[in-house]
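Naming follows writing order (A, B and C), and every chain is counted from residue 1.
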Amino acid sequence: MIYGFNSFLLLLLAAPIVSLLCVKVKRARALSPIVLVAALLTGVATAAVSFWRGDPLSLDLSRFTPLPFALTVDRLSAFFLLLICVVSVPVVLYSASYIERHYEGLRRDGLWILLPAFIASMVLVVTASTGFAFLFGWELMTLLSAGLIMMEGDAGQRRHNIFIYLLMMHVGAAAVVGAFLLFLPHAPGLTFAAMRTVAAQMPQGMRTAIFLLAFLGFGTKAGIVPLHLWLPRAHPIAPSPVSALMSAVMLKTAVYAFVRFGFDFLGTGPAWWGYLVLAAGAVSGVLGVLYALAENDIKRLLAYSSVENIGIIFMALGAAMVLRAYGAPSLAALALLAALLHAINHALFKSTLFLGAGSVSDATHTLNMEELGGLLNRMPVTGIAMLVACCSIIGLPLFNGFVGEWLAFRAFLGGSTLPPIAPAIVLPLVAGVLALIGGLAAACFAKLYGVVFLSRPRSEKAEHAREVPVLMQLGVALPAAACVLIGIFPAIVLRPLMTTISELMPGTAMPAQATSIATVLPWLALAVIAIVAVVSLVRRTVRVTATWACGQPGLDARMQYTGTALSKPLRKVFSQVYRPDRAVNISPAGQPYFPETISYRSVRTTSFERTLYRPAVDAVVAAAHRLRRLQTGNIQVYLLYLFLALVSLLLFMRFL
Amino acid sequence: MKLLLDIVQAVLLVALAPLVRGIVSRIKARIQNRQGASVWRPYSDLRKLFAKEDLVPPTASFVFRLSPVLLFAVTVAAAAFIPVLHASALLGTMGDFILLAYLLAFGRFFLMLGAMDGGGAFGGMGASREALVSTLAEAPLLLALTAVAVVAHIATLAGIVQWTLQQDFFRLSAVHALAVAALALVAIAETGRIPVDNPTSHLELTMIHEAMVLEHSGPSLALIEWASAIKLNVMIALLIALFAPWGMATAFTAAGLAIAIAVYALKVAALAVVLAVVESSVAKLRMYMVPDFLGVACALSILAVVFTAVMR
Amino acid sequence: MGFVDIAAAKTLASSAVFIFITLLLLASAKRTRTCIVLFSMQGAVVTAQILATAYVHRSAEAYAVAFLVLVIKVLAIPYLLLRIVDRLNMPREVKASTTSAQSVFITAALILLSFLVIQPYVRAFNIDEDMLAAAIALVLTGCFLMVSRKKALMQVIGLLVMENGVFLAALTSTFGMPLVIEIGIFFDLLMGVFLMGLFVFRIRDTFDHLDVSKLRRLRG
């Protein structure tokens, strides 16, 4: 199997080289996507075998590098490798057509060079087994994704957004590097095996520091509130396939890294670690979906929805840590199962949604919901795939999102059996928060789907939309089909995942009937399909005619509810969260009762920007201003500094 | 034999749903000093609608015709989870009350999509109001069911019913009192009765569910009406099964089954009277007071969950 | 006889739950009449509790106390209050400064607080935990009602609920006070309600409303 892995890596690395060569040889353009797809299919096969059968693979390249550099594929890595490859295949198929249609020349070539390199960097992150390899891949991921975003252009606001993205990613990377470096005195070479054995013996304060740094660093990359600010800025401005990869796959590498640190290296920690992660996840989930509800730009809505789903994953991870700390390892395994299953579910339906958004933008040249409508009749395949993805993300039964949420509910419910009062109250209440998040997500995606795909087109652009080429349709349909498959037969993914988790937390058995849902779902699907079939056969004729609509003739598109109107009641109820800055200007100012123009402006900035980031940035700038006084420009003052440094160094050596 | 009884339970829940609705309307009419229509009126309504043809707006997509069918199918599937005559149901699994809640959400989602596909203003209006009510009703529903499941130490509906059957009626636990209060409030919100929504009004100001079904006609409308009646029946059956299941058949004898059916009919009649009295005596809430109403349900269900640990 | 035994035991076991329910309903009630009816129902629960205790401990004094509670708290005081409400002819709604949902959340938190607070005493003195928690919750909720409701009549009801709580606490921890003291307390209560009724009319005649927040005009 090692040959499979090696050939996968070779093909993956060959793809950007092929693209580089194709810059010169124009006729072989189609070669780069073919090589990339071949590489990814090899990867799927290798990862699938490793995941199902559990044979570990490893590749040691330390001979060629100054620091230890090795790749190992154990079951957890195999799972995430499978996730990356399975999601990348439809994305690459999609881009084969999308990139041709939208980019040319340098941009086109740049995308085909950077895309496989980006995928390779993510593969490096999840398979690395030394600190150096991991950090190398981590940094490469950030730089390559920024490069891919820049392929779309870097005018004005985009440059600002890319800057914020790079800034926050590097702050997170600093925390991650810090977490690794704290292992340094004990585990030279920073190999994962050494870190695993050493972490159990480190003093509690050190372990807490590592945990906090890891949580901060990986949380920034994953998009936990309040470190999520870069997500809605970076994901919407990237090209659609890149957005899909970033949202569906890159965020999961952060989840992988957190699971590696929290469950593999650090093992069982105190309960407050779990409560912290649980709280952060709950807040991210609720705020993410509330902000998504208020958005009218499709991609920004999907970006905030990613924040929400990462919040759900971290809620499950936090519950697992709490359950483990209180000595209920089988329930903790159930919660971890929920988190990992939700990771792959989210990867599948989020990639469908982003690719579908790309198709919509391709067909109508706009991503503003208020200008769309009626696209289901004009783009049937994309529309149906988006419907499946919307049902999955809400967590409706018979689609894959439900299974992850069901497992999470069971884990939270199980927490009520613990003897101490705190988790017995907190964990079931968190189940209520999950229910609230589910309800809000339903409202959000009913708005998205209803406004964009149903009823009448709200503008010329939507009126003239046409279905996208076959490859793009395929790219959207494949993950959607996987969503339905996992939704009805979840045992396909659940059984190997349970083995993975028992490897991660040795000695724990799953609670009885952990996957009992897998027996009911096929029957439920059968029942629903049977009833639908029977009823459809019995129904009578259909007449296409204008409906009642209060007797109004000539309904036009302006009679429909807009996206803003659909979310208004919920936004009003949760107004404490939104708090937009509103300004009403009546001109001329001296005549309030006979106005000539009235302008209304409502700007929504997330409260974190106002209360957390702005003061932090202002403090840093103020400190910098004060430090500026050191820079006098007078050369004798600089010589004085040198002299003072020399004197203090001598004193330090004398009195040490 | 068990399988036969389970199937009969589910079929009864589905087939007799319009009758329950008819009974509630008749009692309401009597309270309001009117003659009222016959209790079999909903059946003749359904027959009339099934005989008509489906009118579809030219701009609608296949979702418009699919959503009533899916709504009906999922609601019938949901009815298969509730124990009615004996402590077991056709479909059941660990945590099946979560599946039940999400099946109802499935139906509601497609109802909202079908409404928006109609192309008029009413559909969107109904969908946005329904989104408000259903979002806020999800958390109290799941928390109240969670509280009951935690007290019974078992997470299947059939298991909870079996546990309750062995308990003493008078040992009223605070958890159950709070949970039944929360679930009653949520049931009113979910089934769209006064004080949350008026099922008989067609005024723009007061419609929530009716606004969503305004554009549907013929068999589609029949399916939606039937599904909403099944939903009411399912919520009533759920309340009875979780909080007052005594009288259910424990053995498959003819006498036991007869008693079970009679006792169940009595309980449904009692709840129908309660619902009719509540609907006739309370005014419908203004829409932005509904979050307050559901907030009370949420507080009650949170208190129920906390009490499961405190009063252990 | 067996049935009465069972009934007494069940009452003792579950009256705390009924008191919590009436507290939550009081918090969410929107009309003054509803609050008065709920107060009367609380009095009925307390009567049942005393009767059950009287039956179990075979104490004649307790029967007398139960009769007094029934006459005064379940019948006389609510009747007086309802008559005042009728004569005042004021708007029916309770002017609360918190919404229904917020009031219910706060009341729920107060109930939990009362459970938390009595933990050391329950173990030390072997008292029925539920009833003592109900008593403390009554006092706290009565105080909360006085704070958050702006109608003068609601202040009266809040005070009465607090008195209910104190009475119940005395009942739980010491099995009642001597009969003479009980009679004295009830008489004081009745006089108190008469006086408050008079004052309410005075306030209404002077200011033409019953909103206690507007009484600030009285300050110099």
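As a working rule, contacts are C-beta pairs under 8 Å (C-beta built on N, C-alpha and C of every residue); 3 or more make two chains touch, one makes a residue touch a chain.
These numbers were taken from a predicted model, which means no experiment stands behind them.
Q: Should the pattern of chain-chain touching be classed as line, ring, star, complete or other?
A: line
Q: Which chain pair shows the largest tally of C-beta contacts?
A: Counting C-beta pairs in contact per chain pair, the top pair is A-B.
Q: How many angstrom between the C-alpha centroids of subunit C and subunit B?
A: Here subunit B and subunit C have centroids separated by 36 Å.
Q: What is the distance in Å between the mean C-alpha positions of subunit A and subunit C?
A: 54
Q: Two-or-more-chain contact residues of subunit C, please, as numbers and ranges.
A: Nothing qualifies.
Q: Residues of subunit A that contact two or more other chains, please.
A: Not one residue in subunit A touches at least two other chains.
Q: Which residues does subunit B have that touch at least 2 chains other than itself?
A: Within subunit B, the residues that touch at least two other chains are 291, 298, 302, 306, 310.
Q: Within their complex, state which residues of subunit B touch subunit A.
A: Within the complex, subunit B contacts subunit A at residues 50-63, 65, 69-70, 72-74, 76-77, 80, 91-96, 98-99, 101-103, 105-106, 108-109, 112-113, 116-125, 127-129, 131-132, 134-143, 146-147, 149-150, 153, 155, 214-215, 217-219, 223, 287-288, 291, 298, 301-302, 305-306, 308-310, 312.
Q: Subunit B touches which residues of subunit A in the complex?
A: On the subunit A side, the touching residues are 374, 376-377, 383, 387, 391, 394-398, 402, 405-406, 409-410, 413, 416-417, 421, 424-425, 428-429, 431-433, 435-436, 438-440, 442-443, 446-447, 449-451, 453-456, 513, 516-517, 519-520, 523-524, 527-528, 531-532, 535-536, 538-550, 555, 559-561, 565-570, 572-573.
Q: Considering only the defined contacts, which subunit C positions touch subunit B in the complex?
A: Touching subunit B from subunit C are residues 6, 10, 13-14, 16-17, 20-21, 24, 28, 99-102, 104-105, 108, 111-112, 115, 130.
Q: Write out the stretch or stretches of subunit B touching subunit C in their complex.
A: Within the complex, subunit B touches subunit C at residues 170-174, 177-178, 181, 291-296, 298-300, 302-303, 306, 310-311.
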